[in-house]
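Next up: some structures, all given as structure tokens.
Two complexes come next, and they have one chain in common, subunit A, joined by subunit B in the first and subunit C in the second.
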Partner chain A sequence: MKIYINNIEYDANPDETIIQVADRNNIKIPRFCYHKHLSVVASCRMCLVEIEGVKFAQPACSTPIKEDMRISTKSSKTKEAQKSTMEFLLINHPLDCPICDQAGECELQDVSLKHGDDHSKYLEFKRVVVDKDISPLISTEMTRCIHCSRCVRFGEEVAGNKELGLINRGEFTEIRAFIEDGVSSELSGNMIDLCPVGALNNKLYSYKARTWDLKQHPIISPHDCIGSNIFYHVYNNEIVRAIPKENSDINQTWLSDRDRFGYQGIYSKDRCYVSKHRKNKTLERVDSQDIIKKVNNAINSSLDKNTSSKIGSFISAQSTSEEMFLFQNLLRKLGIKNIDHRTNERDFDYQDTYPLMPSLGCNINDLSEYDNIILIGVNIKTEYPILTVRLNESVKQDTKIYSYHYFNMDEDFPVEKKFVMNNTDLLSLFQEHTLESCRNKKNLLVIGPNITYFSNQSVFLQALDKFAKNINSQIGYLTDFCNSTSGWILGNVPHRTIGGVKLDNPGLNATEMLENDLSTLIFYNLDPENDFHNSSALINSLQKSECNIFFTSYLTPIIEKYADYIVPISTYAESDGSFINIEGRFQSFNKVITPNSNVIDGWRALNELNILNNHQAYTIESIRSELSSTLSKIDFTSKILIDKKKYELDKSTKVHKNSLRHIYSTDQIVRRAKSLNETIQANNKSVYVSRDIFDDSENKKILKVVENNRVFKIDNFQIRDDLPSRTIVYSSSFNNKFTESKSTFVSLKK
Partner chain B sequence: MNVKICTETFESNKPASLATYLKYGGYEAWKKIITEKTPKSSIVEKIKNSGLRGKGGAGFLTGLKWSFIPLENKQKYLVCNSDESEPGTCKDRDILRYNPHSIIEGMLIASYAIGASVAYNYLRGEFIDEQKRVFDEALKIAYQENLVGKDILSSSVSIDIYSLIGAGAYIVGEETAMLESIEGKRGMPRIKPPFPAIKGLFGKPTIINNTETLASVPKIMRNEPDWYKNIGIGDSEGIKMFCTSGHLEKPGNYEIPLGTPFRDLLELSGGVLNKGELKAVIPGGSSVPVVKGETMLQLNMDYESISSAGSMLGSGGVIVMDHTTCMVSVLQRISRFYYAESCGQCTPCREGTGWLYKMLTNILEGKGTISDLDTLNRIASQIEGHCICALGDAAAMPVRSFLKNFWHEFEYYVDKKQSMVS
Partner chain C sequence: MTNKYTIPIAIKNEIDHVRAKFPSNENKPAIIESLLILQHHNDGFVTDSIMRSLAEYLSVSEIDVLEVATFYTMINTEPVGRNVISICNNVSCMLRGSDDILKHVEKKLCVKVGQSTTDKKFFLKDEIECLAACNGAPMMQINHKNYENLTLDEVDDILDKIK
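Moving on to the complex of A and B:
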């Protein structure tokens, strides 16, 4: 089909509207309510354009094109119509640009400059709207609102959680949360971007800088394995806010709140800014020039004294691929095999049959092609909020979503069926289970990180493999850290080296390292309080070990108590780095801010150690080129045969103890992001107990739980009737009061 | 010719009862249709040929509207628009309470003709006490008599009718806003296209007709299309209810053939109050342009004649004003109505209606200037044609017509700070 805009012929598809054709051909039409990812309401009337043969100017966003339609975006009728809308929009707008954070990037300001008048005839009182405190993340100045309703439609259509709506009529129309509720969506920050004026603002950025003074740096999200693209805005070497960097393959134009506000963790008071070494039982400050040498001496003297098998090393899967590459490169060249990134796991029997690297099994863009998506042990709303957008899209295209979990949690997309069962029941279910509605369909089974925490993970994975075969489903994984993929493929596991090459004599895994009384322990980028499956086991081995070396960005009580060497390293934004997302997409970024001068770039610290041991020196470029050549050689399509070893089904009547991955506790950065931890979600730090456990207990005030022969008292718990039987669930793994395993079987003491 | 259609039962002892309606040939057409299984297309054709036009305001040909409905066998809906809120209009109110069965029969025939199995009657919020009660009672009896419901009179035709009550918003009288409201949403007009006949209630093809229109259908079906066509005087076809109000001796509802001279309607209404002088008439509800009294006396009550004077027949709400009326004051009051009733969706209407009202209030308070009059005209023209629905136009048209016809009176007011008539 052909149409003419300003007398130039353009090709168009019959189902398009004028604005779509104009946008594609870079013809500017002003707009406020229109957004390419939201439904069309045509209410702002800013995009009015003249159409030949039509009496009044028509909205470009809602008018479907017709063959040979002639549109003018520059005629006097168009200009008059747009100018008049602009006049109406401004009569009740406060025009307080000098004190508005939006100024400089305000759509109203930009459009009024081009299409508005320089003075107003309006002499009446302007409308004033009382503000509401809707969220710790969003500040409001509702007098500035122009009622485009983008925020309302976003909540309804994209986030799947309508929390803002219009109330009242006419001039008194207000955008408001329901009665006194606030906005609690995990994607709420997107409303700040969508708001074309300064009505919904970034609370963290309030009065921090003027937009035109900011420098924009691209970066990749370190908070989940989706790898959302972000722009950090920097003022005076400080990150003052984050906005999405459009990537149609990953996060489109959206960001989760965790990705948007998580950077605050960089500025935590826990940050470690000095190198330290323990002398005579006290930590003493060491010059940052010397700390690497001291650490090198400590490792080498340990190697001299003991065998390399007495040295254990842990690295966080939140580390960059460059750090992971250098970490295993250094240790393996020193002969140390005990390397692991899976600090949150307990059971490793599965490891030989595991794929080379966890993967979603498809591209994020392709999720809507599946007939059924079966979620196992994962809550998308709180664990991978950005995927809520994609699953909402998928459901609109007739994908059905099923969920299996030991805890009943809400999702912001329609779930066809929910199965809430405890570990044992789920396990027996999967042995025989066939989801009838999934037969002969295109299915994707997604295994979430909660499964990897199970103390019987291997049995579980085998049962899931059987289930997947029964319903002819692909298997995909979602991991607990942003770079678990690199952890696997770059050899930060005891049984495989870089590229996933199998080792004949594997080292000790994360659990074995803590159980084998090692003499030297190296921790890279880990939070000992929260990043281990069982922190009391960790403390035990820290006490026994002779030398504990921590490369860390944060100081925690355990580090301060047990560290012999502390190397203050950069966070993700303070150094060059790369993450491999769950699709297998390798995404690199450059340093955004320069840290305190005593903080050492993570990869440089590791590189320095390599140099001190006369190994090859690397630059960021040489690491990346080595990584890309390694990754290009790997055949990811190769399937690993599942081990036929039979697992005994645990039929004991023990109690299942689990802890959820709390949305704002998933990694050490976000745990320290102040504003996120003031949200409603973050406040939920309870212990839930199933009804039968409570009924069985004699003492109704205090439950006594026996785990590893130790008795723990739970005095502040909630009974939940929707919990499966024999289950205790900690709503957050970030709970310092309870320091045993994240997921295990316990017994109750009467 | 003294033909009555909608008002036929009004003078009876028990106007709303089924017995009264049957006495006037009620439900004959409906029974005939379901027993003879009249083809749907022939009903549509008959209504088309009768020249019946929508009585809600726009005057669109009813048969033509019905013919837009897709023929395929899918869920469809009929909605009867009884959200009569146009200031000056009170005809549907009386049909609902004095002749409810004609609406029910009209809804049944229309539903049958378009293939809808469910019909809704949406009544304005203020009708909750009397009209809703009377209509619901009539509906209950119609259900009892199996004139409505499942397998009607063993004909295997099933049509359900539900009545709903609004919450008092004028805008819900706009057909797509009404659909939103029925769906349980905020009553805001939808963008057209798609038109309701293609994608209406719950996304399904829907026909929305005014109460009076549907109440006229049974009698047209009982007689021949030409019968209705010939009622009108001259080129005008059919009959219409006019609601006369204002400075009149006998204001009320009068059902008269289209084309009847305005003089006759004025006479029916007892003439101007206290034999006063006719100053101005709003011929079709407050949204249409005002006409000067002397012009109005030359006009006939039909679509063409009224539009030749730059106004519209609209809903039939004829507001008569005598020489004691202050036009500034009237316009300010009309503007206040649209200011209060704008849904707030489109910018020009949301912001413009308030501006118009505030300026007119200033003028009335003696704070206006002569340039305000130009600004009023300009604002009104900026609203007109630029909104999703017609409420913007409805707010703009009175302003422009009052200024055009009574400029001198507005000029006097801003100059002397007082009304020309007081």
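Moving on to the complex of A and C:
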């Protein structure tokens, strides 16, 4: 089909509207309510254009095209219509641009400059609307609102959770939530971007800088394995806000709140800015030039005294790929095999038959091609909020979503069927279970991180493998950290080296390292309080070991108590780095801010250690070229587990103690993001107990749970009738601090 | 937070009846009529907890219900008087003196249009459009009953007789 805009011929598809053709061909039409990812309402009337043969100017956003339609975006009729609309929109809009955070990037300001008049006929009083405190993340100035309803449509159509609405009518129309602080969506920050005026603002960025003084730096999200693309805006070497970087393959134009506001954790009071070394039982400050030498001496003297098998090393899967590469490179060259990034896991029997790395097995864009998506032990709403957008899209294209979990949780997309069962029941179900609707369809089974915390993970994975074969489904994984994929591919596991090459004599895994009384322990980028499945075993081994070396960005009580060497390292934004997301996409970024001068770039610290041991020295470019040559050999399509081992199904009745991954305590940076932890979701910290456990217990105020011969008391719990039988669920890892094991079987003492 | 309102079974049945008129996957169209039913059983207005219960019952978001409730003048979100007075002010009635009647009623009841009397006996409703009785202009409607060809004395009489 052909249409003419300003007398130039353009190709168009019959189902398009005028604004779509114009946008594709870079013809500017002003607009407020239209957004390419939202439905069309044509309420602002700003995009009025003249169409030949039509008496009045028509809205370009809602007018479908016709063969040989002649549109003019520059004629006097168009200009007159736009000028009048602009005058109406400005009647009630305050002239407070000098104190408005949106100024400089305001659509109203831009459009009014270009299409508006320099004076108004309106002389009466302007409307004033009372501000609402809708969320700890969004500040409001509702007098500025022009009722484009983008925020309302975003909630309804994209986030799947309508929280803002247009209430009253006519002159009294206003945007508000049902209850005052009623905006709790995990994607709420996107409303700030969508707002074309300064009505919804970023609360953290409030009055911090003017937009034209900011520098924009691209970076990759360190909070989940999806790898959303972000722009950080920097003012005087401080990150003041984050906005999405459009990437149609990953996050489109959206960002989850965790990715948008998580950077606050970089400015936490816990940050570690000085190198320290323990002398005579007290930590003493060391010059940052010397700390690497001291650490090197400590590792080498330990190697001289003991065998290399007495040294254990842990690295966080939130570290960059460059750090992971250098970490294992250094340790393996020193002959140390005890390397692991799976500090949250308990059961490692599965590791020999595990695929090369966890992978979603398809591109995020292809999720809507599946007929059925089966979620196992994962709550997308709180764990991978950005995927909510994708799954909402998929459901609209007739994908059915099933969910299997030990806890009944809300999702912001329609779920066809939820199965809420405890660990044992789920296991027996998977042995025989076939989903009738999955027959001869394209299916994807997604295994979430909660499964990897199970003490019977291996049995579970095998059962899931069988289930997948029964329903003829592909298997995909979602991991708990942003870079777990690198952890596996780059050899930060005891049984495989870089590229997934199998080792004949594997080292100790994360749990074994804590149980084997090692003499030296190296921790890289880990938070000992929260990143280990078993904090008491960790403390025990820290007490027994002779030398504890911490490479860390944060000081925690355990680090201060047990560390012998503290190397203050950079966070993700303070150094060059790369993450490999769950699709296998390798995404690099450069340093955004320069840290305190005592803080050492993570990869430089490791590189320095390599040089001191006369190993090859690397630059960031040479590491990246090594990484890309390793990655080029890897096939990222997911493989089904091949496990020949037979596991016995343990059906004895016990108590199932599980924890949920809490949205704002998944990693050490987001745990310290102050504003995120003031939200409604973050304050949901409690212990849920199923009714039958409560009925069995003698003491109704304090439940006693016995685990590994230690008694744990649970007070302050809530009974939930929708829990599967014999289940205790911790809603947050914060609450689970120092309790033994995040996920395990325990027996109940009467 | 306000107490939770439980919709009585009789009202639930009425709402189900409303819901049956619309496609099974669309519950939003049922909001407006359901609100009228709930309001009828709650002294002529709906509270936040009633709206919340309705949202839950119809599986729509709470704000959807609030949007409807605040958009239409026939649904009240604040307590109102027992007897609802609507005085037509459209063209026919206006030409026949409805403005005087409105002023008279306001003065008599000591309220402005849109307000209720302090004893909660009368509610003088705002934004009244044509009530389809132009032949009897000026007219007013009290509790869905029309009173036509009014004079000021008649208005006094009618209001005095209402309990």
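Here is the rule we go by: the second predicted complex is superposed on the first by the 737 of 750 C-alpha atoms of A that agree within 3 Å, B and C clash if a C-alpha of one lies under 4 Å from a C-alpha of the other, contacts with A are read in each partner's own complex, and residues count from 1 in each chain.
We take it that a residue touches a chain if its C-beta (ideal position, glycine included) is under 8 Å from a C-beta of that chain, and two chains touch if they have at least 3 such contacts.
Computed from a predicted model, the values in this text were never measured in an experiment.
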First, second, both or neither for A:I146, with subunit B first and subunit C second: first
Which superposed partner A:L48 touches (first subunit B, second subunit C, both, neither): first
First (subunit B), second (subunit C), both or neither touched by A:A177: second
Subunit B versus subunit C, judged by how many residues of subunit A each one touches: B
Contacts of A:K162 with subunit B and subunit C, given as first, second, both or neither: second
Contacts of A:S62 with subunit B and subunit C, given as first, second, both or neither: first
Intersection of the subunit A residues that touch subunit B with those that touch subunit C: 165-166, 168-169
In the complex with subunit C, residue positions of subunit A that touch it: 156, 161-169, 177-179, 182
Complex contacts: residues of subunit C adjacent to subunit A: 48, 51-52, 61-64, 66-67, 70-71
Subunit A-facing residues of subunit B, complex: 169, 171, 186, 191, 193, 339-355, 358-359, 362, 375, 382, 384-388
Touch list for subunit A against partner subunit B, complex: 40-46, 48, 55-57, 59, 62, 64, 81, 84-85, 87-89, 91-92, 121-122, 124, 146-147, 165-166, 168-173
